[in-house]
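Look at the two complexes coming up: chain A is in both, with chain B in one and chain C in the other.
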Partner chain A sequence: MIVADRKPLDEILEMVGDANRILVSACNTCVTVCLAGGRREAAVLASQIRIHAQEAGRTVEVRENCLERHCDAEFLAELAGELEWADVMVSTACGVGVNLASEVYPSARIIPGLNTSFFGATDAPGRWLEMCGGCGDCVLHRTGGICPIVRCAKSILNGPCGGSQDGKCEVDPDTTCAWQEIIDRLALQGRSAELEAVEPVKDWGTSHSGGRRRRIVDEVFQAEGEGEA
Partner chain B sequence: MLSKDTVAFLCANGGQLLDAAYPEVLGDAVRVPIPCASRLDVVHVLRAVEQGARRVLVVACPAGNCRSMVGPDEAERRLHRAAALLREAGSHAQCILARAAANAPEDLRSTLAASLEDAANQIEEAPA
Partner chain C sequence: MTAQAPAEGMVVGSNLERVLRAGHFAVCGEMGPPQSCSAQAVLNKVSLFKGNVDAVNLTDNQTAIVRMSSIAAAKLILDEGLEPIIQMTVRDRNRIGLQSDLLGAAALGIRNVLCLSGDHMRFGNHGSAKAVYDIDSVQLVNTVHRMREESLLICGDGTPPKPRKPDAPWNNVPTPLFVGAASNPFGDPLEFRVVRLAKKIAAGADFIQTQAIYDLPRFERFMAMVRDRGLHEKVFIMAGVLPVKSPRALTYMRDDVPGMSIPEELVKRMEGAEDKEEEGIAMCVEIIERVRAIEGVRGVHIMPPMWEKVIPAIVSRAGLLPRPTFEGEPA
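This part shows the complex of A and B:
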């Protein structure tokens, strides 16, 4: 899932400026699970904005809603009426949602209420860990399912580096060396010999450094898609 | 004596029974029964302040006395979070957690007295 954090209220208020009609729109998917931008978190933010305005002697109207997903235009259709009313919309969806909503409603002022952080998984209630960097050229088959791109501080593909001590990372001694974990996992699977193979230079052309990426499923896109500039 | 600008969330298994027997302790506070203190949500506290409360009180059971085991601890964590969110929003509303059994009005009285004194001190210390 996509993991995000709520922005500090001050930052959100600065973006909202002197708008009087504010819509806080939540997303019922990833950011609900990571307790950053679901219905409940939107209710908290909306309440904070109202309280802040009261304390400042200002009158603002704040509405809240929650869409099933902000990353599909079909669901964003629900926003049309509310955006006619609102001076500004604070989205508590991830950055994908803010991008798409801004594309669907180009004349609306839509601002991010979250800092979108990473692709992760729930480690314990209230804690999420990054698992994948979305590099577009996955090597997990080689590393026992442990991503060296995000779990190794240096993103080394032929690790470990020389700084690993007692299985801990030299960048942060509280963090287990990802390559130690990879070595242990491959040993567990009886695949230690595979560590001798050298992983060739990675094709970073599939990562985000080459600009916006696309994924197209031909048979669907040709039948229903309208193309993209 | 509490006035209407205090909202008191009362655990149905403790605080609410205490209030029924000793209503003078909470005075004119607005009472909101909840099934257990652990059902308190930060949104409840924020909404109460939004609607004019200057003080939010949660009356939970004493440690080891909770029917749901962890009610008071959960309530305390959420009340702390709510207090932080209120401060972030610029509100000086006071959040108080009282742990008192249904037959122990003195525990509630003493928590309230200490908190009210605290609030008075805070007001005295606040810059003009």
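This part shows the complex of A and C:
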């Protein structure tokens, strides 16, 4: 899932500025699971905005809603009426949601309530860890299911670097060295010999260095699609 | 400009390569370029190295702190008759920048390069920089090796590109660089450190410089594993030593520098010493003597951080003078 963090209140208030009618729109998917932008977090943010306005002696109206998903235009249709009313919408969806809502409602002022961070999974209650870099050229079959692209601070394909000590990364002692994990995992699977081979340079052309990426399933796209190129 | 063909038995014919192939115990020293554009700051250090070492490492923005480029500093000392080894990390340049700088360095007469991952920018003075890490250090070793042996870039293009007509001759220009890589016998896991060394050799490394050695028993274990695989016969291994002049420097490395192993007895010894500089020199000379006795160690690499003036004393007291010279050696 996509993992995000709530932006600091001061930053959100600055973006909201002197708007009087504010819509806070939550997303019931990934950001609900990671406790960053679901119904409950949006309600807290709406209250904070109201309290701040009250303290500043201003009258504002804040409404809240929660869509099933912000990353699907079908669900965003619900926003039409609310956006007619609102001066500004604070989205507590991930960046995908903010992009898509802004595309569907180009004249609306939609601001991000979250900082979208990574693709990850719940590791323990209250903790999420990055798992995948979305590089478009998966190598996990060679690394025991451990992504060296994002789990190694230097994205090393022939690791570990000299800074790995006691299984920890040199960059942050709270971070496990991904290459120590890869070595241990392949040893567990009896595949240590595979690590003797020099891994060739990676093709980053499938990653985010070539501008916006797209995926097309021809038969569906030709039959129904029309979107932008 | 076409590079001069190396002498027989040499891949490049740099002074470092000649010293190593002739079977001498090689000596390298490390110079950190200044945190300014002062050429004078580089030139002021030349006399400390001249005649005391076979080649000088120029660090590449070490600890991710912005400094004069290693290639520029290397050219400055080359013009003074010192042989440079440029350090090159994969932290700041992608494959286009790296290969371009390799061509440029070789064009300037630089003949040795040490390929490194580089300290992460979080440790330096631009912690918010975007990381590059397009290729890793093992792949950089292979890149330089291929540019020299096959006159080919990563993309497969030749240097210069091959002619389009199939029968036209290809006047290829190899990039004459003696390829070095680092090895950290104190990083974990120990067993895999030897595997990674083997990978660097397979990728084309000609010489190795190790992380600073204080923990001799662990280094001896590492070298035994290296010999078990016969790796010491495939690459020139130079042991890294790092002289210090305070117990704080040792505890700092122990506590704050990743991948270092500092025995407690050395800290105590330094704490108890009256003349700390003298003790630091003595300790470094002892370590050099110990590593020199280990089979497969072909030289030493002295890295005195901001204390380059200690190099003549260490080299002299370790009995490493005079340094070998060769007939017909370029000045």
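One rule holds for everything that comes next: the second predicted complex is superposed on the first by the 226 of 229 C-alpha atoms of A that agree within 3 Å, B and C clash if a C-alpha of one lies under 4 Å from a C-alpha of the other, contacts with A are read in each partner's own complex, and residues count from 1 in each chain.
What we mean here is this: contacts are C-beta pairs under 8 Å (C-beta built on N, C-alpha and C of every residue); 3 or more make two chains touch, one makes a residue touch a chain.
As the structure is a prediction and not an experimental result, all values here were calculated from the model.
Residue contacts after overlaying the shared chain place A:V96 against neither chain B nor chain C. Taking chain A as the reference chain, the count of touched residues is higher for C when chain B and chain C are set side by side. Once the two complexes are laid over each other on the shared chain, residue contacts for A:V60 go to neither chain B nor chain C.
In the superposition on chain A, A:R50 makes contact with chain B only, while chain C stays out of contact range.
By the document's definition of touching, of the two partners only chain B reaches A:R40; chain C does not.
Contacts of A:I183 after superposition on the shared chain: chain C is touched, whereas chain B is not.
Taken in their complex, chain A has these residues touching chain C: 153-167, 170-172, 177, 180, 183, 195-202, 204. Listed in rising order, the residues of chain B touching chain A in the complex are 41-43, 46-47, 49-50, 85-86, 88-91.
Across the interface of their complex, chain A is touched by residues 90-91, 95, 117-120, 122, 131, 133-139, 142-143, 154, 182-184, 186-189, 192, 195-196, 198-199, 202-203, 211, 258-259 of chain C. Residues 8-10, 40, 43-44, 47-52, 54-56 of chain A are the ones that touch chain B when the two sit in their complex.
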